[in-house]
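As written, the chain order gives the labels A, B, C, D, E and F, with residue 1 at the start of each chain.
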Amino acid sequence: MEQGIYERGLQRLKEVDDIAGEKVIDSLADISPDLGRYVIEFGFGEIYSRPGLNLQQRELATVAALTALGTAQPQLKVHLAAALNVGLSRLEITETIMQMALYAGFPAALNGMFAAKEVFAEHDRLASLQASQH
Amino acid sequence: MEQGIYERGLQRLKEVDDIAGEKVIDSLADISPDLGRYVIEFGFGEIYSRPGLNLQQRELATVAALTALGTAQPQLKVHLAAALNVGLSRLEITETIMQMALYAGFPAALNGMFAAKEVFAEHDRLASLQASQH
Amino acid sequence: MEQGIYERGLQRLKEVDDIAGEKVIDSLADISPDLGRYVIEFGFGEIYSRPGLNLQQRELATVAALTALGTAQPQLKVHLAAALNVGLSRLEITETIMQMALYAGFPAALNGMFAAKEVFAEHDRLASLQASQH
Amino acid sequence: MEQGIYERGLQRLKEVDDIAGEKVIDSLADISPDLGRYVIEFGFGEIYSRPGLNLQQRELATVAALTALGTAQPQLKVHLAAALNVGLSRLEITETIMQMALYAGFPAALNGMFAAKEVFAEHDRLASLQASQH
Amino acid sequence: MEQGIYERGLQRLKEVDDIAGEKVIDSLADISPDLGRYVIEFGFGEIYSRPGLNLQQRELATVAALTALGTAQPQLKVHLAAALNVGLSRLEITETIMQMALYAGFPAALNGMFAAKEVFAEHDRLASLQASQH
Amino acid sequence: MEQGIYERGLQRLKEVDDIAGEKVIDSLADISPDLGRYVIEFGFGEIYSRPGLNLQQRELATVAALTALGTAQPQLKVHLAAALNVGLSRLEITETIMQMALYAGFPAALNGMFAAKEVFAEHDRLASLQASQH
């Protein structure tokens, strides 16, 4: 893919989740940097850069899907943080997760909810850390 | 569950998808009417009647999850029709489905897209039928 | 595996579902007879021949699992017929399927229930056919 | 849902698994108490309170399904403890798990078996603790 | 993505499965041409064009994965045909499918095997058709 | 199954992964030794001892399937080590994992890649340990 898409993807990833995104890419550097590049180029440079849905809708869809699948806890946590970053409220997030009980069963919803609890607590911890530094 | 919840669920189901919802409930009548009752009471009387997400957000989350799971084509079609009914655009729907390629792979996205193609065509057929009747 | 296990498996398969089991084995004859042999030897000659669970418990567990997985409709139908054959009541079967709404979501339970509806109807059809022949 | 169903669900949950059930509900209190309420009301007040299957059959079905799905280890452990509580023998439980090798593959059966090993050990530990206190 | 990748992807797709690939792309033309473009660009222009694995290894991996997942029968059939096209023998294909019984259970292996039976029969039909035209 | 198959399976398991295989069997000894016996007899004595695919092809198929399923991390790690043992290169392994992004989504590929990173590091650690002992 051309250079422009990588740059666009990196930019988009930064809007969505600066810290976690970078951590994933870094952790792939010594095993499969190209997989990291595809996440940026195809994931964020293409899909997340398309018109038709705003970032709040995209993160809501992703939280729903990863909660339902139940096989991607690390990625769900990244996107729970991203969901907060793009402006979804905690209520919108927990309602989305709860709704998955209907489509993927209660264990999926429970495991998604416990992931959200963890991500929200980390978010609070970082916010209070930042507050105390000012 | 009390009577009120059943009534509320039925009302909510009608807002979302009048025809398909009723068809599912009817088809359960002679094998497990209680499963149909739970769909209405717990699914629509509880979850879909909660504040925090509007119906467009709920249907977007459901389309995302059912596309990603790939084990619920009949229910995906019901909710693709519901997504149109509650005002999601075709573009919002196809973008949601396409995004699932990232989280559940291309076959999931392709099978979701072919379901959308079918549901949109049926929607057009019904619309042109109604138009011709006036 | 030794000859005895194949014979024992065939015997066990006949107790569980004479017609459907044979049909599966036959349909594998020209593509992978060994896969059919493993179904009989390992599936029925080993697992279904073990003490510790009776056949009703084994079929109840299988109906639960296949309903929850949602990727094995043909095999679910075979085991729904088998569940009737080993003496589970229709109520026990539909309650097992309904319970899966909790663990795998409503679409899984609904698709399982519609499979049961089909299998029960076929069972009635065969029963009335047999009755009319006497 | 009306008050009665919540009370009935709580009662049913206590019969099935007093400690683990309460822990799940408690851990939801500050993130989504309503999800905990639905587990009690819909899960235990409705489904697990229905006639047609006894609690041993219900737990056997749940152990089968959660082992096969492979995405719900915490919930599988809760229900392995519940299975013991309602009187299923260890042999019935391990046979159910082993049978899942046929329907969901060996990794699912192995991971289920290791969960059972852990739950049985904890059960023994608690039993010996109680014995030493008398 | 730049033009070159689309061309490379189309070329690669033709090597793998000329007819079925084109049919998928065509069927997306009026609902989501971009999804078809991504299949070509990212799927075939990137992944299937990478060094490190030859096309036989790639198709063997794909047949294994799609058989195990059990949610992608249409795509499994496309790749069963592709597996033949790139030179895998029928024995290599059926052994790969059979092996999935270990990792995803017998229903997955059975449904994969019946798909292979269908694809092999269609392959024979086309071959005899071509033979009769000469 | 007869004695010969157990011996053949044990032999085959040793070729594939001496240490990890034995560990799994040992850890089943006090909960379900028969499940361990079936892994050896049916898994290695039957399936992995069949002609038609060599061990490199079998491990490539297994790595692909377990990465795609995403529910079997412990077993994936065993087979990543086995893949190295039977002579697949690290590049062949990481390419197989990366390809799964197409069929099961990026989270499946990422989680598979992180498992490979861990297994490769352990492999290096053992190799440098052995080197230092000479």
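As a working rule, contacts are C-beta pairs under 8 Å (C-beta built on N, C-alpha and C of every residue); 3 or more make two chains touch, one makes a residue touch a chain.
Chain-to-protein mapping (UniProt): A, B, C, D, E, F = 4-carboxymuconolactone decarboxylase.
Owing to the predicted nature of the structure, the values given are computational and were not obtained by experimental measurement.
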{"item": "Given subunit C and subunit F, the chains that contact each of them", "value": "A, B, D, E"}
{"item": "Neighbouring chains shared between subunit A and subunit D, ordered by label", "value": "B, C, E, F"}
{"item": "Angle of rotation relating subunit B to subunit F [CA atoms, steps of 5 degrees]", "value": "180"}
{"item": "Same-interface partner of C-F, chosen from the options B-D, D-E or A-D, over half of the pairs matching", "value": "B-D"}
{"item": "Interface residue overlap between copies subunit B and subunit D, same or different (over half shared)", "value": "same"}
{"item": "Interchain centroid distance [CA atoms averaged], subunit B/subunit C, Å", "value": "31"}
{"item": "In subunit D, residues with contacts to at least two other chains", "value": "34, 38, 42-43, 50, 66, 68-69, 71-72, 75, 94, 98, 100-108"}
{"item": "Interfacial residue positions of subunit D with respect to subunit E in the complex", "value": "68, 100-108"}
{"item": "In the complex with subunit C, residue positions of subunit B that touch it", "value": "24, 27-28, 30-32, 34-35, 38-39, 43, 66, 69, 71-72, 74-75"}
{"item": "Subunit D - residues contacting subunit F, complex", "value": "69-71, 94, 97-98, 101, 105-111, 113-114, 116-117, 120"}
{"item": "Contact footprint of subunit B on subunit D as seen in their complex", "value": "1-2, 5, 34, 38, 41-42, 46, 50"}
{"item": "Interface residues, subunit D side, partner subunit C - complex", "value": "42-43, 47-48, 50, 52-53, 57-58, 60-69, 72, 75, 91-92, 94-96, 98-104"}
